[in-house]
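In what follows, chain A forms one complex with chain B and a second complex with chain C.
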Partner chain A sequence: MPEAALAARLRPARRWSRPERAELWLGALAVALLALIAGMVVFVFRQAWPSFSGNGLSWFLSGGNANTQLADIYHSPADPSHYLYALRAFPILYGTALSTGLAVAIALPFSVLCALFMVEFAPPGIARLMTPTVRFLAAVPSVVYGLIGILVLAPWINTHLVSESFKLDVKPIVPIGGGGLLLATLILTVMIAPIMIAINADALQNVPRSWLEGSAALGVNRWRTMWRIGVRTARPAIAAGVVLATARALGEAIMLAMVSGSFIFSPNPLDGLNFLLEPVQPLAATIVVNSEGLTVKPFGQTLYAFAAVLLVSSMMLSITGWVVRRPLRRQGVR
Partner chain B sequence: MAAATAPAPPPPGVRTRARDSAASWPLADRVGLACCWAAGLALALVAAAIVIYMAWKGISQLSPSLLVQHPTGDVDQSKAGGFLDPIEGTLLLTLIGIALAVPIGVATALWLVEYGRPAPLARAVESSVEIIAGAPSVVLALFGLTVFSNTFFSFMSFRPTGADLAYGRSFLIAGIVMSLIALPLVVGATREALLQVPNHVREASLALGKTKAATIRRVLLPTIRPGIATGTTLGMGRIVGDTAIVILLLGNTLLTEPQEGLPGFGLLRGTGSTLTSYVYGNSPAGEGNAPEKAYAAAFVLMVIVIALNALATRLARGRDGGPAWIR
Partner chain C sequence: MLRRSTTLAALATVAALALAAPAALAKTTITMSGSTSVAPLVRALAIKYVALHPGKVGFKLQQGGSDIGINDVAHGRVTIGNASRKPQPSDPGGLVFNRIAYDAICVITSTANPLPGLSQAQVQSIFTGRTRSWSQVPGARVHGAIDIFTRTATSGTADAFRAIFLGNTLSVAASAPAKSSNGLVNQSVRTDNNAIGFVSLDFLRGVRAIPYQGVACTLRNAKSGQYQGIRPFSLVTRGAATGAAKAFIGWVQHSAAARAIINTHWIPLG
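On to the complex of A and B.
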């Protein structure tokens, strides 16, 4: 090697020479991403602020008809000092909580049983088929679920479950078609159950073998072993699955816009079984359905208020998920 | 002889079948087992019903001409054309989204795992990725629409005459927002792959005198290629299947409509539709209301998404096998 080249090599590296430059570039990109996302969160809240401040805490309460309130906001005068913001969003929040909560409540026991079946009780031939099945159900796009709901299930519910007298009774207040809480909950359950099943099955598989064998050696039968030892050990994972599934159900917009009846209404539990047939319109669906009005400033800000509520809920869910996953890591059960 | 006809005792270590038969369990346990079977079979039944129904509807409505004809907005369904443009739109949008998400995602994951200092900053980046992973895609779409409606970004879409805002809807804009929903998947898969590379591999490379940057480029990147591929495929599946962003940000024109400008860039600035928005538009919830077309397009969409997922599963196989395909 020539002397000069050797000397060049032995010279102390410049401050941001190549290796450090790589760190700088990668770091800068990551920080830019952080800035973008933080900027997004701040932006959403700033856009949403007029709607919240215009209503105060009563934004979260009920009163009046949210459909007409939204229409009034849409048609509010062009003068910024006369913008209308009056909105009582409780029916939308209630609809979101109702559809999400019911779907998760149904999917939870179902997914635990399914996971037990996959991991322990299914004969090997069926067990091998179950994993692709769960993957398939998780992979179907939500618009396809919505299509099946609106074209197949909604007409069926409309002809077989909705009674004409009920439809006529409530016609002045709320239109009843096939789409409503029942259908929304049902399809949402099918959409979120695969997520929970996958996580539960994974956790059940990772229960230390010796714990189960210890139980079996004491003469406990297979069901009780799995129920008392397996499911109990997998509890943090089951909770994590619930969190992920709730996040997905909250964010689901298109499918719910198609099958939930698309009418802002609070289903009344006092209506008996008809309660399930009444329409709802969750937050995300409300945003999609009304997205055309974004250019009308106060209306757009109202939509951003919905988005802000969704964002806060999903962030709270992330934190909850992080908290419930901690015992998993501590136990080494993942 | 009697000793020869007696059954031989089972060799040690082999279980006999009669060890734990459900028939001897208490009633409650048997009920539990029955519920287990019922849940498992119900799940299989739902999946089978969806597959069979969609395949039957899809294949009976699908004809090769649908895949190569441009759609027309005709009310008469025999003249309404096929869905060539939505398929093009899906491909183009996926391409843009992935082209943006993969480099950024891989770089972020590399920085998080290989450098990750100062630690609080790394933690903040991690949680911000988690935030977009959890944020509903409508929220991202809404954000994108408002930001890109700013006249500063009118080069990305166009500015309607006499309007004081840019249109804010185009392939480029939808693709950028789509890259945000694919990003967490790419970051997650790349991170998992990087964490699985044993440290002695890095140390061997450093011991040979390679710099850290060279180690990343020559040793780590080739090693984690399957992980990146998994993340990419999952991200593609997510982009292809997403509807909310397309409906808000692609302008909902039935045909792909390029704007004027440089040949390639004009297309990026233009509006169009994808398979998902085509299905939505042709369902009773949209304007079109042509269920036959919606079924056919939904079938094509399902085939694409499931093929992508199968690919991701195959790529991910052999590693830890955790449910990485969920998000």
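On to the complex of A and C.
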């Protein structure tokens, strides 16, 4: 080997590419990212504080019309000592919980059964087609669903499902149109189900083959084997899917702003089926609908308060997911 | 040792990110406050003005309604007060309203319900929720509940609608769904035969613009002054404008660039 080439081989690596240096920079980037996130949380809460302190705990209760309360905050006098903050945000929180909860509740059994079919029962050709389709559906931007909702489904619901007499009866209190809890929940379900199906199918595929074969060898039929061994083993992943899907539903803003009825209201279960047609306005949608007014200080602070509640909810969601998965993991895969 | 330098490097990264935002430059700043309807126009104009005159002048814009802008400028708290209404006798003395543009708003219904026209009293009765059914409205081609669509509180159009059509003392029924843009109101009205709403002039596609007080809502009628649903936008100064404010107002009133911006959503002068 020529001398020069050998010398080049033996020369120590340049300063920036030494392993310990790479470690330093990667660590620094990770810490910086954490610091940025922490800074963001602190910033949101500092901005939101006047809204919370101006209302106390009644911020979380109901009372009055939240739509007009928001309008009053927006039209606050310019003098900072006369800023208005009065808001009872319960209808917004309730609307968030209702649309998210219903969508996840519908999507969960559906996605488990769908994943079971894909993994175990579908003919190979159909399974090969379904997997990429589900992946694609999980990646469709929500605004596309929103457009379909507002252009096609909302007018259809308005003409076919809304009863004229109910509409007239409640007119002075709440507007009933095509958009509302039903449409919001429906589209949310369509939006989050593919994520859950994909995660559930992956988990079912990872169930050790020997466990399923062992069950089959004992004479248990395919359905029972999949249900008692497959689904049972995949529970931690199913829980993870629920957490991810809930997070997506919670943070969904544009689509819900388009199809949920454009009116802050607490749907009343006592109204029977009409309950489903009543409008809601979840947190994220309320922020996006009102973002035009961010420059009005007390109004901006109120929007930050919504953001703060969203942050806390997603944090609690992560913790809940972790707590639920821990005991499940002892007897499951992953 | 390694750990400490990791922390130091992290701090350095954060500091670098924080400093990335450019420090404010020292230059003349025109402060403005007032009408939320004027704000989008003035913001667009100011951005263009700064781009054309880099480094010379900066803007600071606060919103809060015409009255706030007029009071602020009268007390010398801002250079320019933005007003979306005409001068009133109750305004403080010594103010100059520099008119820069007009804003027109049309009342719209579905094409299935081509009303021959509405008077101010009818518009008020419908939008405040006193008239609830189309059968109470002469000339209506549909029956059943009137579906009112309004805009979110932050909308300048809603502000204008209230000022022009409802006379500022009334407000749109609190039970009306509030859409966040002109386009969404148009969409809602288009797909609901029983709907009524209001939009700016350039959102009339697919819906029926209702003649107001006997005059059709068109750009030509708005410019000629026949259509009553318009209001002037003014930049209010204390006495005649001077210095940077004078230069800016002159540019807004006379330059082709400003006219092009005004033409996008508003009606230019004369």
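In the analysis below, the second predicted complex is superposed on the first by the 296 of 334 C-alpha atoms of A that agree within 3 Å, B and C clash if a C-alpha of one lies under 4 Å from a C-alpha of the other, contacts with A are read in each partner's own complex, and residues count from 1 in each chain.
In the analysis below, a residue touches a chain if its C-beta (ideal position, glycine included) is under 8 Å from a C-beta of that chain, and two chains touch if they have at least 3 such contacts.
Predicted model only: the values in this text are computed from it and were never measured.
Engineer: Under the superposition described at the top, does placing chain B and chain C together on chain A give a clash or a fit?
Structural biologist: clash
Engineer: Does chain C touch more residues of chain A than chain B does, or is it the other way round?
Structural biologist: Greater contact footprint in residues on chain A: B.
Engineer: Report for A:L93: first if it touches chain B alone, second if chain C alone, otherwise both or neither.
Structural biologist: neither
Engineer: Can A:L183 be said to touch chain B (first), chain C (second), both, or neither?
Structural biologist: Neither partner.
Engineer: By the touch definition at the top of the document, which applies to A:A103: first (chain B), second (chain C), both, or neither?
Structural biologist: Touch partners of A:A103: none, neither chain B nor chain C.
Engineer: Tell me the contact category for A:G300 with respect to chain B and chain C: first, second, both or neither.
Structural biologist: Touch partner of A:G300: chain B, not chain C.
Engineer: Identify the partner contact of A:V280: answer first if only chain B is touched, second if only chain C is, both if each is, neither if none is.
Structural biologist: neither
Engineer: Touch check for A:G27: first (chain B), second (chain C), both, or neither?
Structural biologist: A:G27 contacts both chain B and chain C.
Engineer: Where does A:M258 make contact in the superposed view: on chain B (first), on chain C (second), on both, or on neither?
Structural biologist: both
Engineer: Counting only touches as set out at the top, which of chain B and chain C does A:A122 meet: first, second, both, neither?
Structural biologist: first
Engineer: Quick check for you: in the superposed arrangement, does A:I150 touch first (chain B), second (chain C), both or neither?
Structural biologist: Both partners, chain B and chain C.
Engineer: Touching chain B in one complex and chain C in the other: list those residues of chain A.
Structural biologist: 23, 25, 27, 29, 31, 150-151, 257-258, 262, 288, 295
Engineer: Mind listing the chain A positions that touch chain C in their complex?
Structural biologist: Residues of chain A touching chain C: 20, 23-25, 27-29, 31-32, 35-36, 39, 65, 67-68, 70-71, 74-78, 150-151, 154-155, 158, 164, 167-168, 171-175, 177-179, 257-258, 261-263, 279, 288-290, 292-293, 295-296, 299.
Engineer: Looking at the complex, which residues from chain B come into contact with chain A?
Structural biologist: Interface residues on the chain B side: 20, 22, 24-25, 29-30, 32-33, 35-40, 42-44, 46-47, 50-51, 53-54, 104, 107-108, 110-112, 114-115, 121-122, 124-125, 127-143, 145-147, 149, 165, 183, 211-214, 216, 237, 240-244, 247-248, 276, 279-280, 283-285, 291, 294-295, 298, 301-302, 305-306, 309, 313, 322-323, 325-327.
Engineer: Would you mind writing out the residues of chain C in touch with chain A in their complex?
Structural biologist: 2, 5-7, 9-10, 12-14, 17, 33, 36, 39, 61-65, 68, 72, 129, 132-133, 144-145, 147-148, 152-155, 173-180, 184, 187-188, 191-192
Engineer: Over in the complex, which chain A residues touch chain B? Could you list them?
Structural biologist: 18-19, 21-23, 25-27, 29-31, 33-34, 37-38, 40-41, 43-44, 47, 110, 113-114, 116-118, 121-122, 126, 129-130, 133-144, 146-148, 150-152, 190, 193, 195, 197-199, 202, 216, 221-224, 227, 244, 247, 250-254, 257-258, 262, 284, 287-288, 291, 294-295, 300, 303-304, 307, 310-311, 314-315, 317-318, 334
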